[in-house]
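Presented sequentially are two complexes of chain A, the first with chain B as partner and the second with chain C.
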Partner chain A sequence: MTGALVHLRGPRATGMLLTAPAAMLLLVLFFYPLATLFLTTLHPDNIENYARVVSSGTYMQVFLNTLRLAVIVTVIDLVIAYPLAFYMCRLTGGSRMVAFFLLLIPLWTSQLVRTYAWMVLLGRNGPINSALMALGLTDTPLRLSNSEFAVVIGMVHILLPYMVLPIYSSASKIDRSLLEASRGLGAGAFSTLTRVLIPLTIHGVLAGVSLVLVLSLGVFIMPALLGGGRVPVIPLLIEQQAGSFLNWAMAGTFCVILLAMVLVIFWLIKLSTRLLVRGRVHA
Partner chain B sequence: MTNENQAVLDVQKIRKTYGRVEALREIDLRVAAGEFLTLLGASGSGKTTLLRIIAGFETPDSGRVSIRGADMTWASAAERQIGMVFQNYALFPHLTVLENVMFPLEMRRITRRAAADRARAALDSVHLGVFGDRYPRQLSGGQQQRVALARAIVFEPSLLLLDEPFSALDRRLRESMQQEVKQLQSSLGLTTIFITHDQEEALVMSDRIAVIGGGAIRQIGTPAEIYYHPNSISVATFVGESNIFEGAPKGRSFYAASGAHFSLAAPTDCNRMLIRPEAITLSRASVPADPREANVFAAQVLDRSFVGGFTVYRVRLAQGDEVSVRAIAREDAIFQPGETLQLTVAPADCRPLTDRSAA
Partner chain C sequence: MLERRSRTRFLRRIGNVAHHIFSWVTFLFLLTPLLIVIPISFSGGSYLSFPPESYSTRWYETYFAQDSWIDATILSLQVGVVATVISVAVGFLFALGITRGLRKWGPALEKVALAPMIVPSIVYSVSMYSLFSRLGLVGNWFGIALAHAILCLPFVVIVLTASLREYDIDQETAAMGLGASRLTAIRRITIPQIRPSLLSAAFLAFITSFDELVVAMFLSGTFGTLPKKMFDNIRLQIDPTIAAVSVMEILMVILVMAVLMRLNRANVGRLS
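And then the complex of A and B:
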């Protein structure tokens, strides 16, 4: 009796108590519907949906396209975010506040609003086309909107903070004297980047990559509004099955496969973390 | 090719300002091959700025930095062949101890195997041969310090810079590291610039000391020169304990403002004078003394503090000057507050401060 009580004390029990409300919420609102969905797709009436999806060239093409788009967006975000995160580390006081504000404002604005903003910007008579024509770079307006280009731009913009913040977090922990030590010991800028900076920020990079990759697999609004029907991705298929065809079982099958993709990606990233961050004691 | 008179490091007329703050006024400094030179100064004196300009992490507003005769003022830190030990060691946390020490060799395109051999030898020289596979965070502060040292010397740099490397260590460890670094430095003949605000450390380790204050070199010389012949109050008070008298010189005499008269060993025209506390003798017996051999005063003990090997007395001369005295602490010669004693100090120990420009 007392033994059981003692057992419930300590940091572990405290942790469980503190996370209990959140865990309950997730269990009821997230895990339960997900499990129901999963079970529905396994129903004898629906199980052959999996075979239908996997054997269909069109559907598989959409899966590949979704993945390709996610990889493109992730790579572009990484290239933008990495130097940006380091730049933000060097800012102090007011200018750092401003930088964070600018980075975080998009997160506080509705995705829908931002997507419409991009529709306006990229539109046939939008400011970008007007500027290009005024500069004489093109005679007729370019078709910027309703294209994969537009979708990529929109996604890169919306997901950028998810890449910057984890990289910033690991970059801000780097002691500047390490960079000076590297330079002083004879390393050029490139060697300092590859031998010191990247290894020291690899946790942040992998965290950012997994966030952006996974989030971009599930993005719906941008392909729907900026793609003009030319950018087929899984979330659009799910919406179509559930919304237009009322085929919940098929929508569920897509969901489960998408979820499986996400889990595989997480597993791969975890694996690569172990390979890249060899031997280092985790903080 | 090598010229014996050629300085390894030649710093000429270096100036540096940050905004309106003049960090370095006009620094000239030459360091000879194999020399151990210490930049001694309080924080904010400019010593760190000077070190960073030498290392190539900052550029001067004007002036020139040459290393082995080559102009390096605008060269990157990587080009300068300078080994540096940072105050916080700056070991790469993602590399093992051995990999840390191999780093500068690999940057010089030395094969991995040769680099590993040389790095192991360097680790052996700081007695850390068996720790090669550990990560820096698994080592103590003193051990990290040695790794940083091994990494800084493994590529045989022209110049070794040590930026307050012992400030984070406890006293005992600091003293043993001082000895060890000094031994390593002289056995390898490394030209070394050492930064510290600790005057004792500077006196123990250096061939020469440059006392820095207010962005300028106040005085440069051997530890003995700096200690026995400081040129200004700022140097005298920074290095060691001091009694400073202001007054008027007259030939071989010095009249303190209080009226106390001191005989000097040589004529001077300085109006400030230094007497080190340990140069003063206190005694109960009143021995008549020749004023040319010794300055004799009556003095009353104000208070005393026992510091183990010696006792520090604060006494007041009959003329009114308060003087601090360091006496060897013999148990049978401990004076009580209130006692009136005879105070003697040799004329040679009354040292005029020559630099009148600096307070």
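And then the complex of A and C:
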């Protein structure tokens, strides 16, 4: 049947036939519900929710806080991931396998498991507090858990692999002789970094940054469990409106705003990638 | 001159050592939370302390003795398997389509299939809740599996298009030139060669569904998947049963990963 179609209508018909099931599934179970959600928030009964949100200082504060947290996590992950990705490029054979194993096990382990582990680690009687007290650095246990600090650590931990992998993939393509050339021509470590390494890995860096930024805006588990109610972010607001107040219209409005933030950031990074890459070609 | 050169060499060596230390400390940071749950899962007391004052296997016994844990696990396995089968079947056909017939539109179509990765899961959950409540599918495990299949699809498509693009399509064409239909060529020549990628895709899809909390929280009624049960448990009473469950999940991941890495030795990078 498929074979007959190939001969009758050519490869394009086959291609369309093959992509049809996924396209249908995405249309019905992904794009349609999201479009309906968006249209519902524009309904005359609900449209004033937007005005309510924008005029509310509390809600605006939560939006800013969500964005701030995402930026903090992304910057920390970038600073850690960049040297780590280059380190992984230097490794060969068995030690490279081990490094990948260590990077991927946390990535594939349940977020709930990892969040729970951080709750234990940062808890009042947790190992970190015990160690600090044993070393005499503090007399009473520090309140590490149920704070923004805990949420940031948990998010940095969970999102780090998403930053390392794209940077690794562009760093691994760099020709090592370029570095020797840069050194041979008298460039120091710093100018080799800024004028050779960073331009050559900018694709990976921006891919990692956009992935981590976008994912950290939507994170629910860490603020819910590690924040102890002290770290207000949009996903918690949505859950509260839908779960506790059963105000689905308001939850929908917050969803649209969160999605808009994600899409704008995604698009901005895409745009800057294009500009930076073109700039490099012209230079 | 000579002095300066030996100074740079010295500085470079220090830099190298620092790079080593920094990287392995980071790996330790990644691994520590997973290691810490092991002793806790074997603790004898009923409250959390580290290191535990006594050791026992009582939390593993609690897990296996309570129907609510076992039911949640079976439900999650069921949802995970169905979501995996749907997303791999549909995703494989999709990847074939965009690497064969629709090469011009391929990249654009691929981006469409990756869209579920960008949309925050809570936004997707709210939109699916309103769709499913109209269809009466809230509280139905198959509904969760369908929604999960959408979330798994991007991972399947990424892994399979990458592997199909790398695969030498001439082999398929040769088989067809020798009289095989395209279907036979794909089944007998292409699929066996990309089997490791198919397995990675299936594993990623399964893990994505098996760990997923937010969609399951919104779409399940009174019953709950394993992540939902764990989430409620962590919120209400932290007892080390969670640690026991965590250790079993970590072991499962390590086991499957070791098998996949063995099969996919040349392409470890793609497992991400």
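Quick note on the criterion: the second predicted complex is superposed on the first by the 256 of 283 C-alpha atoms of A that agree within 3 Å, B and C clash if a C-alpha of one lies under 4 Å from a C-alpha of the other, contacts with A are read in each partner's own complex, and residues count from 1 in each chain.
Here, contacts are C-beta pairs under 8 Å (C-beta built on N, C-alpha and C of every residue); 3 or more make two chains touch, one makes a residue touch a chain.
It should be emphasised that the depicted structure is a prediction, and the values quoted were computed from it without experimental measurement.
Within the superposed three-chain model, A:L200 lies in touch with chain B and out of touch with chain C [touch as defined at top]. In the superposition on chain A, A:S110 contacts chain C only, with no contact to chain B. Once the two complexes are laid over each other on the shared chain, residue contacts for A:E239 go to chain C alone; chain B is not touched. Touch criterion met: A:E180 reaches chain B, while chain C stays clear of it. By the document's definition of touching, neither partner reaches A:P223: not chain B, not chain C. By the touch criterion defined above, A:S191 reaches chain B but does not reach chain C. One of chain B and chain C touches more residues of chain A, and that partner is C. When the shared chain is aligned, chain C comes close enough to touch A:G126, but chain B does not.
Residue overlap on chain A between its contacts with chain B in one complex and with chain C in the other: absent.
Those residues of chain A whose C-beta lies close enough to touch chain C in the complex are 2-3, 6, 10-19, 21-23, 25-26, 29-34, 36-37, 40, 80, 83-84, 86-88, 96-97, 99-121, 123, 125-127, 130, 157, 160-161, 165, 168-169, 172, 189, 214, 217-218, 220-221, 224-225, 235, 238-239, 242, 248, 251-252, 255, 258-259, 262-263, 266. Interface residues of chain C, counted against chain A in their complex, comprise 12, 15, 19-20, 22-23, 26-27, 29-34, 36-37, 40, 48-51, 86, 89-91, 93-94, 96-98, 100-103, 105, 109, 112-113, 115-116, 118-124, 126-131, 146-147, 149-150, 153, 157, 181-183, 207, 210-211, 213-214, 218, 227, 230-231, 234-235, 238, 242-243, 245-246, 249-250, 253-254, 257, 261, 268-269, 271-272. Partner chain B is touched in their complex by these residues of chain A: 175, 177-178, 180-188, 191, 195-196, 199-200, 277, 279-281.
Across the complex, chain A is touched by residues 55-57, 76-78, 80-84, 86-88, 90-94, 96, 103-104, 107-108, 135, 137-138, 151, 155 of chain B.
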